[in-house]
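Pasting the structures in now, so scroll down.
Next, two complexes with chain A in common: one pairs it with chain B, the other with chain C.
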Partner chain A sequence: MRLYFRYFAIYLRGLMEYRASFVMTLLSQFVSSFTGVLAVYFMMERFHTVEGFTFPQVLLCFATVLMAFSLAECFFRGFDTFSSMLGNGQFDRMLVRPRGIVFQVVASRVDLSRLGRLLQAVVIFCYALPASGVSWTPDKVLTLVLMVVCGMLVFSGLFIIYASICFFTIQGLEFINIFTDGGREFGQYPFVIYGKEVLRFFTYIVPLALFQYYPFLYLIGRSRWRGYMLFPLLSLLFLIPCAVLWRVGLRHYRSTGS
Partner chain B sequence: MIELNHISKTFRIAKRNAGMKEAVKALFRKEYTEIHALQDISFSIGKGEMVGYIGPNGAGKSSTIKVMSGILTPDSGECRIDGLVPWKNRKEHVRRIGVVFGQRSQLWWDVPVIDSMELLRDIYEVEPARYCRNLDMLAQMLELGEILRTPARQLSLGQRMRCEIAASLIHSPKILFLDEPTIGLDAVSKIAVRDFIRQLNAEQKTTVILTTHDMQDIEALTQRILLIGKGRILLDGSLEQLKARNSAVRTLTVEFSGGDFVPVEGEGIHTVQLRSGHGVFAVDTRILSVSKAIEQLSAHAEITDLSVAGISAEELVVSLYEEFQI
Partner chain C sequence: MKKYLSFFRIRFLNSLQYRAAAYAGMATQFFWGGMLVLMYRAFYRADAAAFPMAFQQTASYVWLQQAFLWLFMTWGYDNEIFAQITQGTIAYELARPIPVYSMWFLKQAANRSAGAFLRCIPVLTVSFLLPKPYGLMLPDSIQTLLLFLMTLVLGFFTMLAFQMLAYILVFYTMSPSGVRMVMATAGEFLSGGLIPIPFMPQKMQDILTLTPFAAMQNLPLRVYIGDIAGGELANAVILQLFWLAALLFVGNLWIRRALRRVVVQGG
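Take a look at the complex of A and B:
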């Protein structure tokens, strides 16, 4: 962990060289995700409720997914930009250093400019937390924290899948963005509004609903079943196939070197 | 120290002909060509040796370096370096080696070099006292001084290469792999790098394996040469031995005036270079004596100056490549 902060310190020092660019990216990230909020706002203004969810409730859901995603993008950016690491030989360099590969990938590319989105999520939370009508007892706070943390890990898992595919194709395949960026966009609303099939897909295949929809039901008091509280933890099972795929990819790379 | 036995490696490369139709076809069925990057490579290198690894592009030099540094797993064969199998004990193994890829930087681009060095210290867990000692020594030998406080991206190529080399030695490795360390450097930087490598090898007994296309590197540095071509080791010996193989060849450099020289090609003589007033010829003394060759040449033009020399490393390599048809 200490080493992680050393990497982080180097990153910060590099950042200071490009302060203006950093601030601009931060701002644009912050502003661009506003469009999402506006879309939700206009929608809700017309219909008032979606499947029985009120505007502040939808915003709460929105902010949770946004925060999880931006945390993942910020701290697991290395997997997201993995194809460039392979392309420029940076990855070979990691293989000749005496540290874990996953650690090096994660530590070598932190991207704080992604915090623009995080900031956005915080702003929305400031409004939605009190307005959603949830009484914030300790177990509900815990639920929300679990939702964000596990969400971040599931999104990271998707980045890892993306990176693993790079081992075979060198260039990234954009289709995985359907689940990462797409998941973020879809995740603005509770998944149930898209219908049963979509909900099922995001429960059993790419378990975004496990940290978004089900615990959310408990959070806003639609369901009293406390088990939903722990559903985000279930979504972590998704990391197992991700890790397997990563290992397969790494073995392939080390046997082809291309 | 380094022991390779019957290492082989085959790559499958998707082949595709030009054209849209072919591209579409490749989507459905790919045809592969097998490339034997390494075929039955065996050699051993002792502690403190300095070995030049040469061969044309695509001969398998980089693949061998990758196998030895643990990046690449071979299909078959054994490799032990300092008692470890590189691709099985990756972490322990890489602690003992340093690798410089001439064309790729290992420094963090935007921060002063010294910051990169400190991060490397933490990655390799070098004790502070040893780190200071190593850094002082390297800074002095490579004349880094102020360069250390400059961001890597602002360095000239020569300065950067010196820093790269220092960075790969900060954990005092027993073995140093240099993949084209002098590529693109100016004459002064080349000499500085060479001097340093020689000094390192002499004082620290670091085993050095270096790939290069620059024959002056080989001449200045290595006692031993491994020649690889088409994935096979073709020759293993000292530069002197190799030169002795071709000792019968003499190079004639001629200055002449008057008349246009026609390129001379004949029994035992061929033209290496020809400009107006200046010509270089290779003479195989087993077939044609030097005096006979001069006689032949002076028949064509008025010779004003003449020198005879043994074969240079550059010519040696060219003749070896020709001999093995690689």
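Take a look at the complex of A and C:
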């Protein structure tokens, strides 16, 4: 852990050398994810509710997913650029170092420019937390924290799958973006609005709904069942196949030789 | 035209090599389109009266958008061009017998239309076969179809002319990421890439109709679904021609000024 902070500090210092560029990227990230909020706003202004969810409630859901995603992107970005790591031999160097591989991949890249999105999520939370009409008792706060943290881990799991596939193909396969970027984009609304089949898919196959939809029901008081509170933890089961795939990939790995 | 065709051929053959990427792209587009249609269905159920057009029109808009994504995506920049500007290999371009602006414009047009050509057929076919309100509908007459194709081409050129400005801007900023990202996302939103323009508030629609953004994907797609017709259509086409000419003019003028500042040092 201390080593990670060392890495982290180095990145921070490196970043501050190019402060203007950093601020620009941050700002443009903020602006670009703002259009998403605007689209939701226009839709909700026209239709008022969707499946009975109001605008602040949708925003709450939106911000949760956005925050989970951008945290995952910030800290687990190394997996996202994994194909280039394999291609240029950086990964081979990692293999000979006396530290865990996963740790090194994670520490190899901390992408703070993604904080623009995080900032967006924070701003939306500032509006939605009071406006959604939820009375923030400790258990509800805990639910929200679980949603964000488990969401981050599930998105990271998807990044790991993406990286594991690179072991076999060297090139990254873009289709996993359906679930990462797609999860972020369509997770703006509670998954139930897309219909039963989609909800089922995002519950049992790629468990985005487990941290987005079910605990959200409890959060906004649509369901009184406390069990929903712990549903985000269930989504962590998804990390098992991710880890297995990673292991298999690692064993299968042959250097590209460059 | 001949230059365009040769660029098109290179790109087309090139993208045939990366079939896996094309399949992956197609899968993404089916998923994206399907999810969007389902999302609009939810809103339709919430309040059908607030829907600015028939549901099937919206579904068709979504599928056409996915099919022709490659023509109209605002974030699809050509990194080669950025690299040429920032690393100075533009010197080679200047030595060629075609003006840089036309060269880049043609190259973009070829790259994008080659990409779209490969991808639009499966998306159009499958979405056409989908059950009634969720799939792509046929245009109501041959005339509509022809008008659609005409505005599609003009809209595509408008889009390219707009994007050329982003390239030229890099002559001044030298760091391509910030400005172009804002231009891409703002452009996407304003041209109806996230939600169709008719879903926006009335005031915003009135303003956007006059801008070049409405002349990009908005116009052809809405012509196809029959949302814009008659006198409104005539006005829109005139505006489209105006913006296309204006953007081309500004771009050409600007790149000439930018190039005057370029110093090629040799070596």
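What we mean here is this: the second predicted complex is superposed on the first by the 253 of 258 C-alpha atoms of A that agree within 3 Å, B and C clash if a C-alpha of one lies under 4 Å from a C-alpha of the other, contacts with A are read in each partner's own complex, and residues count from 1 in each chain.
In this section, contacts are C-beta pairs under 8 Å (C-beta built on N, C-alpha and C of every residue); 3 or more make two chains touch, one makes a residue touch a chain.
Because the structure is a prediction, the values reported are computed rather than measured.
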Clash-or-fit label for the pair chain B, chain C on chain A: fit
Superposition-derived comparison: chain B or chain C, residues of chain A touched: C
Contacts of A:Y7 with chain B and chain C, given as first, second, both or neither: first
Which of chain B and chain C A:F42 touches, first, second, both or neither: second
Which superposed partner A:E17 touches (first chain B, second chain C, both, neither): first
Touching partner for A:G195 - first (chain B), second (chain C), both, neither: second
Contacts of A:N88 with chain B and chain C, given as first, second, both or neither: first
Computed vertex angle (chain A) for partners chain B and chain C, CA, steps of 10°: 90
First, second, both or neither for A:E174, with chain B first and chain C second: second
Closest Cα approach, chain C to chain B, once both complexes are overlaid on chain A (Å): 6
Chain B and chain C contact sites that coincide on chain A, given as residue numbers: none
Chain C residues touching chain A - in the complex, by the definition given at the top: 20-21, 24-25, 27-28, 31-32, 35, 38-39, 41-43, 45-47, 50, 52, 175, 177-179, 181-182, 184-186, 188-189, 194-195, 199-201, 204
Complex interface listing, chain B residues touching chain A: 11-12, 63, 66, 69-73, 75, 87, 90-92, 94-95, 97, 99, 101, 103-104, 106, 108-111, 115-116, 118-119, 122-124, 151
Touch list for chain A against partner chain B, complex: 2-3, 6-7, 10, 13-14, 17-18, 88-90, 92-93, 95-99, 251, 254-258
Partner chain C, residues of chain A touching it in the complex: 21, 24-25, 27-29, 31-32, 35-36, 38-39, 42-43, 45-51, 171, 173-175, 177-178, 182, 186, 189, 193-195, 198
